[in-house]
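Next come two complexes, and both contain subunit A; in the first it sits with subunit B, in the second with subunit C.
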Partner chain A sequence: MSTLSRPGTVTTSRAVPRRLPGVDGVWVAIGADAVIFAILFGSFMQARLHNPAVFEASRHTLNSSLGGIDTLILLTSSWSVALGIQALKRDLVDRAPRYLLGGVLTGLMFMVSKSIEYFEKFTQGIAPATNDFYMWYFTLTGIHLLHVVFGTSLLSYLWIRSRRRAYSSLQRVVPECVASYWHLVDLLWVVIFPLLYLQKAA
Partner chain B sequence: MSVLRERVTVVWLGLIVATCVTTWGLSKELFSPSVAVIGIFTIAAVKVSYVMLDFMELRHAPIPVRAAFQAWPVVVAAMILGFWFATP
Partner chain C sequence: MAIHAEPAISTVRNVSPFRTDYTTWKVLAWTGPVFLFAVFVLWGIVAHNMPPFPPSATPEEVKAHFHDFRLPLLIALSICVTMTAFYMSWSVAVARVMERVEGPGGLLSKLEMMGGTITCAPVMVTLAIWLTAAHEVNNLTPGIMHMLYWMGWLLFDLAYFVTSLQIAAISIVFMRDTRAKKLVPEPVIWWGWVTFASFFAVSAIPFVTTGPLAFNGVISFWIAFFTWFFWIPSLSYFIIKAVDRIKAEDEAAGRVDA
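Then we have the complex of A and B:
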């Protein structure tokens, strides 16, 4: 981590040094993941192009209110983790654990919500093999759910370590890396939700 | 550190309101499909942009990195809308 300007970087008018949170490698991984998801979104739309009626009929079986609540959960989770990083930057090391715990609990809430949704689908006899739409629905939400599980595990580790006062304004590389990844998980869902649940047919 | 005065809190409130508008407003039958879809994905792109700028702290990132990440929601929303209008 460097809080100093890197050679050649531009500073703002308030002379705030421009920097990336965490380490550069994490941003390469985040960028690559974002590009992969963009390709998946394009592939989904291409599949929809060939069979819009099936996609529209299948979309109506999804619970858009539950999907909206999932979005609210993840946005709140991201906010809580962002507050945790702000607390560390100001050396409020006693406050950081509670915000990180907020991230963990909301991550768990998302997992419970998705489990309920999957259970509903399976009890209705809906599976990935049912049709192309459901194949994409389970693929996109499933890969995203794996991201949530991984991210919640990382946040749990951060929470435990932060309770032992392992992080501070000068030692926040790992929290910043995990937080950046967690925000990626959030923003991917911000697109997946309308793509699958809200996209009406023309 | 007052949570209410934090910029991330203001952004979070805006994102929550935008999500409610999209989920329980635009997606209903009040609007034509094209208006609804354009609105929904434009709002999604703006939401992603704010998550990047304020939660991921890209507002203060080196300009080329910020520009590359900020292009993502624009390209993704344009691609989705392009396919949507091309679909019969």
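Then we have the complex of A and C:
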């Protein structure tokens, strides 16, 4: 059985015992991004401690149903992308594009859902400057949304390339990098959703 | 005849009548950490910019801040203006290492050098603006002091994309390094991309005076600045080592004039 360490480089599994998906460097970026978000979550909780009443009252104005749907959308998306990588590993090259397309479409669904949520807030006269909670709400969800937009763009690129059979079990470093990043995007939302929408401030 | 794995470069380099000055190259590479030390200690600590005085402060509060810390501001900022030039000299050393990956006169090496050099301009002008504010604090109205303080931050932060281009050029070139052991390892290259991404957040500073995106906020200050502060010494370490490695490569290949 052979495995891949770098694009176009095939080595035996005995020579390379285990490796991280993608390239090592992408894990530095993923780790750093996770740490940055952890700092933001900590800062949010600290801000909430200073003003629990405002944070609690504002939290109730969020649409937790839509937040829940967003969670399901991103979990489905991660699952679909994971299936795409599995398909590549098994050299089921024809199946990979449809799974990656699933990732793209669910990414787009998340964007639409978030747009609806923001639109609701703006029509209610709620903006980042309304109070500290909404400043954090728009900042955290906005930065996460930028991650989704970036990730969906990368998945679209993968989808187009995979339709041209550019990837296989021996050529999957780039899809693995993107999939690893996409799982982080999913994981971040899994923390953001309860933190902003569900957790009581006091 | 070229015996190294870079035939096109080697052929050109071998006929160069000029000696490669590895010592100066290495000295220039060291100026990056010196720049960072100056900025961190002088601008950050002595001039009380870590954390920055709040953007929500009133004109009277800004004037009082500059009045209270006039002497440390004058000392720190005046030295820091001078030492900012070290970022330029460091960028020259980095560009020369990049040329050994992408070839002499490569576009991205030039972009890096230009990016690093132009980064100095807004930093120096900002420091001079705050230096003026500290120097003239007894002659200026609170409104003017407030304007100078904000003007400094807007210039300092919003010129970030010049540095972003420099960081992107460095990251792209060292990703393309085909050596078995890259001159700059992947973690440092990818940290460059993290820094590149973190800079975008500061675009929000004209619109907010409190919260994580304000110029003293957790994102726009602590994350954006400290990813850069960590990237400079990390990259410098491997650039300094790269000069030695390139010298060894040149000697092994008989390229004394590389």
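Basically, the second predicted complex is superposed on the first by the 184 of 202 C-alpha atoms of A that agree within 3 Å, B and C clash if a C-alpha of one lies under 4 Å from a C-alpha of the other, contacts with A are read in each partner's own complex, and residues count from 1 in each chain.
Please note the rule applied: contacts are C-beta pairs under 8 Å (C-beta built on N, C-alpha and C of every residue); 3 or more make two chains touch, one makes a residue touch a chain.
All values derive from a computational prediction rather than experimental measurement.
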item	value
Which superposed partner A:Val28 touches (first subunit B, second subunit C, both, neither)	second
Partner chain(s) touched by A:Arg90 [first = subunit B, second = subunit C, both, neither]	first
Partner chain(s) touched by A:Glu120 [first = subunit B, second = subunit C, both, neither]	neither
Contacts of A:Asp132 with subunit B and subunit C, given as first, second, both or neither	second
Greater residue coverage of subunit A in the superposed arrangement, subunit B or subunit C	B
Partner chain in contact with A:Leu40 - subunit B first, subunit C second, else both or neither	second
First (subunit B), second (subunit C), both or neither touched by A:Ile143	second
On subunit A, the residue positions that both subunit B and subunit C contact, one per complex	none
Residues of subunit A defined as touching subunit B within the complex	6, 9-10, 12, 16-21, 27, 31, 34, 38, 41-42, 45-46, 48-49, 52, 64-65, 67-68, 71-72, 75-76, 78-79, 81-83, 85-87, 90, 92, 95, 179-180, 183-184, 186-187, 190-191, 193-195, 197-202
Sites on subunit A touched by subunit C in the complex	23-26, 28-29, 32-33, 36, 39-40, 43, 128-129, 132, 135-136, 139, 143
Sites on subunit C touched by subunit A in the complex	185-187, 189-191, 193-194, 198, 201, 208, 210-213, 218-219, 222-223, 227
Subunit B - residues contacting subunit A, complex	1, 3, 6, 8-9, 11-12, 15-16, 19-20, 22-24, 26-27, 33-34, 36-37, 40-41, 44, 47-48, 51-52, 54-58, 60-63, 65, 68-69, 72-73, 75-76, 79-80, 83-88
